[in-house]
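Multiple structures are listed underneath, in structure tokens.
You will see two complexes here that share chain A, one where it goes with chain B and one where it goes with chain C.
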Partner chain A sequence: MSEDTFKFSIDNVEIEGKKGETILQSALRSGKKFDLPFYCWHEELSSPAQCRICQVEVDGWGKLVTSCSTPANPDMKVSTKSDKVKAARAGVMELYLLNHPLDCPICDKGGECKLQDYTMRYHLKPSAFTHHKIRRAKHKNMGRVIYDAERCIVCTRCTRFDEEVVGDSQIGVVNRGVGLEIDSFDGGEVTHNFSGNFADLCPVGAWTTKDYRFKSRPWQLTKIDSPCTTCSNGCQAVYWQAKNKLHRITAGKNSDINKRWICDKGREGYHLYNNVENRYEQPMVRGANGEFEECSWEEAARIASEILRESKSPAVFTTNLVTNEAANSLKDLAKDLNSSLNGSDNSALLENWQAVVSKGMAQKGSAINHSAKRFVVVGLDLWETTPIFAVLSNKRKRDEGLVIEEVASLDKVSSNNNPTLLIIGEKELGDKSFSQKLDELKNKGVTEILPLFEGCNPRGLLESGITPFGSEVQGDKIAAGTALFLASDLSREKSFLPQFKQQLSNLDKLILLDDVSSPMSEFASVILPTRNFAMSFGGISTFDNQSQVMKQVLQPTGAMKSVEEIVSLLSAHDHKHQEVPR
Partner chain B sequence: MRKNYYKRDYTLKDYLFFPALIEGLWYTLKLFFSKKYTIQYPEETRTFPEILRGFPYLVWNEEEERERCVACKLCERVCPPQCITIEPDETSESWLTVDVERYPKKFEIDMGTCIVCGFCAEACPVDAIRMSDAFSWANYDRNDLILNKNQLLTPYHDVSRLKGMYKQDPAKRTSVHDRKRREKQTRA
Partner chain C sequence: MTVSSSKPEFGETGAKNPDLPKPGPFTIFTSQLDKLVNWGRKWSVWPHPMGISCCAIELMASAAPRYDLARFGMEAMRFSPRQSDCMIAAGTLSYKMAPILRQIYDQMQEPKWVIAQGACLCTGGMYDSYNVVQGLDEIVPVDIYVPGCPPRPEALLDALMTLQKKITKEHWNTHPRRSYRPKISIPKTTLAPKATKPEYLSLNIGPQHPSTHGVLRVKVELDGETIVSSEPEVGFLHRGKEKIGETKDYHQFIPYTDRFDYTCPPAMNVGYVMAVEKLLDIEAPPRCQWVRTILFELARISSHLISFGCYAMDVGAVSFYLWTFAEREFVLDIFEEFIGHRFTTSSQRIGGLPRDITPEFIEKIRKFVKHFIPKLEEWDNFLARNRIWMDRTRGVGVLKPETAIDYGVTGPNLRASGIPHDLRKARPYLIYDQLDWKICSEQEGDSYARFRVRLDEMKESIKMVGQAVENIPEGPISIDQPNVIIPPKDKVYTEMESLIHHFMIISEGIKVPEGAVFWSQENPKGELGWYIESDGSSRAKRLHIHSSAYRAVQALPEMVNGQLVADLVTTLASLDPVLGEIDK
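The block that comes next holds the complex of A and B.
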């Protein structure tokens, strides 16, 4: 027990308190179950102590105190079960329910609403209110979220989140007294990329997302903790699924990556995995007449490995939406074919990265808690590539004075004595002269370098010695005769680009590993239905090289197989390029 | 050895056998001409009590010309055999003109699975689902027993109207809850 910790008791149960910690924080940290309700308190936000439901009685103190803002003292005797506390809680609940509308059947929050839960626990007698309830604006369109002023209990969690975490305050509390409401300052919509968090924060159904409006109830959904796959930030998310379809994503908890937040793009990223209509059911092979014919897995694997065996130099590609295990199995497949995955054999990007690693300048540790005093971002917009990293770094900028500089190119990086984290994209890292600039950058104060790419798992690929899939990287590599391509939404998007289309049409034969049909399929000779990313299980690395585990959230449909299974099927048919003595 | 209680010694009647036969046949003949208590179902039925609980149906809101159901999914949750499927959706009217903006896009009850417990009617917060008096349900195909929203809104409880079936006119039939509420109002 160090100097700062002491013991105090809640309901005669002894727990440990730290200096400066409030009663509520100590109680939650202890892991023991206490009867401590709260509306306006949130572990990532300030405590205004305005909801008054967390009141507890301390032995020897006359008035009740709010446990969310009262620091714990040594040898305090806190009681949450005394008559005074019960009466106080019942009183607070009564006042909240006075004007609260009877919306539970139509409110999206029903089943996970704090007001509902605390009413069942603390509300002692039926309401004596016989007048008409106040009518306010309902269903107010605020961009990707909807605000309902009647249900709002003005806990101000949303406004404090906007002000303290996002920094770009777009909503605030308006009017006074009984007319208190939340509104945007210009009356318009909330435009930043973090409005979905209002729905997570709100203890009642005042903020709801348009995406999930009237969709389902929480009791029919199964929760699975898995990282978000929309960008490389790798925020911890909670996937809610029912009947093998995803209904929504909410923010998960990870103090090193995303705290308790998730951006709107990630929130709406689950629609990608619900595309049931276009899914491939069976493997397909292009027959003699040029049309696709369905066939069995053995037949398709045999034809595919025949194609690979007969071709001169087959190339193997994968996009960044792949687990580390799947990527490594594709890497082994490429090695057996005397080629490399994503052209890693002669990739300037990979050589530059190895130079960075050998100089000890590869970024390590959590990026949002990084020890550097200055971030230099070259040619990227952090708010687009990794929004949660951007917002939490901006918070550090306001709170701790972290310096964030945005420059257009590497030459414009200024010198500084502070340890600096250099954040670069694939353009700079893929530049052939990059490794020579490393010493120069070191002299300017750069201690660590963090590469940012598109897609979900580029850092994982980089760390495994594979070039991540990007726009610049593929340039000349895809000119080979045959290719095996593990596609995802990124490549499907790019297949609309004329340059990529040209490269695909130059191919003799394309073996496509994909789960839904797309314009890429017209160039394919063999289509092997692959499990999409929500159905895979494996490890991925976030952009700052923290490992996350992608847990399977959906069951595969049809004859889908995982990437590792497909690679082993192809290996079984002896696709090896050189003769292997048996 | 215990005495065998069910066996008695044979008498002359037993040895003759014929009298026992006549005794039985005479009893059958007697019954042939006596009053019968069998009800010829389905042409005749017993009088059913008013609280007879039949299969559920959806209530139609006359003024607003829509179903009363707001797709809260409470009946779906409480249903023990889970035979109700609901998909909520948003109405196209604004909150200024209608009281509720939520309605069930899909509301299906599988009558083959329904156990007629009445939990759904009990759970409904807006009295949108009630138990009818229809109890006989025969069909050639199980899938035809899955009723959709339109079928549930049609008053099918009036269809199985048989002579002398109820103590009161089926057209005037309402749920027991409604009748009791009306009585309370007239009393108060």
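The block that comes next holds the complex of A and C.
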């Protein structure tokens, strides 16, 4: 046992305490089951000790103490079950329910509400309150979320999150005494990109998201942990699914990627996968009259592989919304066709990245916990590309004095003695002269370089030696000829450049792998219904090259197939044609 | 059908009402052949009672005196498909039973009417499990669906009237020959046993046979009329209820307990909730205990009445079935007065009763007690010294006490073998130790002894009911624990605490502390055990039922081998198996 650790007991069970840790933290860390409830405490936030439900009795101390704010001491004897504690908790619960509206039957939180859970645990008595309840503001519009003052117990988790994590304090506690409630200071809506976390944080039903309002009951949904796919941040999220439809996404926990938060864009990103009406469920081939006709997989695969074989310059492309496994199987397919995926054979971007890797300057480890003292962002808006990375590094800027510099171009990077993480976009990395600037950057203190692109899995592609889909691919890689294209939601991605459409129209034939109909389909000759990302299983890499496992959260409908299956189908036809001896 | 002329009076010449046509000397009927033929047909339907489980008991009740199928010309139930043209299918159809039902349907006479009685045969009902056919129309065409779980006899009568209406719309000469393709693939039946020696005859008794009391199959090998070997086979009514118990919360499972031993649902309810109460470490208040005892003993009477009636009918005394079922209706009236259901009552809640008893409930019981005791005496006098009855039952199917213990036989069957073991005395629960009664036991262990024990038990039970009903204490009917019992509705609508308690019990279920319990009760069929394991959540981690009739049926070969095949019917009836409890 080191000097910092010691023993103390809760309910006569001995556990290990650490210097500077509270009773609650030690109890949670021990992994043992103790009766320690809490509303206002949150592991990523400060503890104001104001909900009072976590009170415990310490042997020899006169008054009850809040376990979330009292440091654990050696040989302390804590009791969570004494009569005094029980009475205190029942009293706290009674006060919370005093003016609480009878909303459970219509409240979105019903079924996952701490007020309900703790009432069942600590307050098994009928109400003693006979007066009228105080009426307050209900369903107040706050942008993406809705606030209900009557349900609020003013635990201030939301305001502390807003102040400590987001750092812009758009909301706060107003009024006094029994009139306490949360409001925005200008009375308007919450405008930042993280307001959905209020609903996740809220232990009661005061904050609800508009997106999930009156949609479902939590016990009717199946929870699946899987990363968010909206940007390359790859935040751990929880997908809530019922009857093969997604109903919401909430934040998961990963202390190296997103702590406990996700952004609002990610929270609403699941709608992409619920587009059942426009989903392709059968392979389609363009007939003689120019209309699509449904056909069998056998037929479609035969036609598609014929097109690819007969073409002089077949090309294979994928967007960044692809698992590492699918990307590698497409890479193999491209190799078979004497081509390369996303034109990786001849890519300045890849060459530059190779140079970075060979100089040992590629970023390693978790970006949000990165050891560099200075982040230099070149020509990027982190709040747009990776919002959670932005918000967490800005938190470090406030808390730890991390320096974040934003510059327009590489030339303007200032020199500094501190180890520096350089965050660059596609434009800089794709520049042909970039590799020559590396030494100069090193002299300016840059120790590691983090490339940041649009889309879900660009870093995974980059690490597999594939050019991520971006302006380089859209600009000159698509020439006249034939292409097989894994579109997976490309039409809905913002990285779809206007001139890209022009490029597509130059193609002779396009074999499209997609899950729903999109503007892309007008250029296609063959459409192969592909499982969308929520239906696939595989690995993705986050922007800082951490592995995340994409779990299958939806079941494929109709005759949809995964990319790997389609590639093997196409290859099988290929082999049959060449009559490879077995 | 139209009658063109009113009744003529011989020699009458003029009508009193000049508007009416003049009556002539002859009466002439004009009708359509269709209508005439269908009129005849609709009063001569020959139903085949395809009784599988709980609904079959209500089907039997429909044929009994109070509801009286004879009114429709349908009282002649034909157990052979060759003699019937209307299948009244009643119960839960498992995939194991499906091919047999289809075979019987194929053997039936045209036009093969089918009535699907009960929710299970309409849609699969409450058994959405891997082994239950989700509706009878998956394998045969259905004419009338009778929803309900089970439907009351009135509903079945209504179905028969609907069928009659349907018949009147038929064309007389062209029945729609049913070219119905089953929606699911039916496995071929493998019920053809092979005899071990050429001179032996191998025979199936069941699974669809009037004397097997459900869908029990007994494979027998006969040397002439003597049974050489026999083997009971169960599983034709397997509904996966133990597994269902792991997916439903504790309150949701109460309706399933009704359908285990469907001859005595209130007893099953009481046993289950008492097991969960043991796990929760709570005890229901005294008033509830007294009401539970009354219901338990009434359930015992209703179970023994079914058993007794069927037993006598199997041996040849058909009128007993009519008499006992007539009495059983009074017991069901009492249940209905208490809870609103006559048959599958779901009459208990964990921690108490769903509602208080009424003065009418007490009054009905008093009336029944007064009426029933002389009936029992009458039956006793009628049968106990009856020459035919004694010849058929004495020395038949003897179960030796040591064999009974080896097989784990309990209940009346054990007591008839000379072992006076009764859980109500051995380990008193509810209020049995406060009542004056004695254990009924016989020494012989034969079918007659088992009849004797059941008849005496009914006498003791009605005595207990008579004592208990006069002494029900005042007080609450449920414990005062909002995490177990839902609060009253008026509080739910006005108080936050009660609303949350209600919401959580309904949406999440009651949370039962970690642990396991084994609780057994003296059921009408014997000792029935509940093993419930909890992991602290609101659903059981494992739920197992130690069924009593299962043990009795397994001992059957010991009792019938070497006897005549007709004695198998007697022995089986005297054992009183119920397949809902055996197959689970």
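Assume the second predicted complex is superposed on the first by the 563 of 582 C-alpha atoms of A that agree within 3 Å, B and C clash if a C-alpha of one lies under 4 Å from a C-alpha of the other, contacts with A are read in each partner's own complex, and residues count from 1 in each chain.
Everything that follows uses one rule, which is that a contact is a pair of C-beta atoms (placed from the backbone, for glycine too) under 8 Å apart; a residue touches a chain by one contact, two chains touch by 3 or more.
Since the model is a prediction, treat every value here as computed from it, not as a measurement.
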Contacts of A:K125 with chain B and chain C, given as first, second, both or neither: second
Which of chain B and chain C A:S571 touches, first, second, both or neither: neither
Contacts of A:G110 with chain B and chain C, given as first, second, both or neither: both
Partner chain(s) touched by A:N416 [first = chain B, second = chain C, both, neither]: neither
First (chain B), second (chain C), both or neither touched by A:L97: second
Touched partner set for A:N274, first chain B, second chain C, both or neither: neither
Partner chain in contact with A:W219 - chain B first, chain C second, else both or neither: both
Touching partner for A:K138 - first (chain B), second (chain C), both, neither: first
Greater residue coverage of chain A in the superposed arrangement, chain B or chain C: C
Chain B and chain C footprints on chain A, overlapping residues: 104-105, 110, 217, 219
Residues of chain B touching chain A in the complex: 70-74, 76-77, 88-90, 94-95, 100-102, 125-126
In the complex with chain C, residue positions of chain A that touch it: 94, 97-98, 100-102, 104-105, 110-111, 115-117, 119-120, 123-127, 129, 217, 219
Of chain A, residues touching chain B in the complex: 104-106, 110, 138-139, 213-217, 219-220
Chain C to chain A touching residues, read off their complex: 481-483, 487, 491, 493-501, 503-504, 507-508, 511
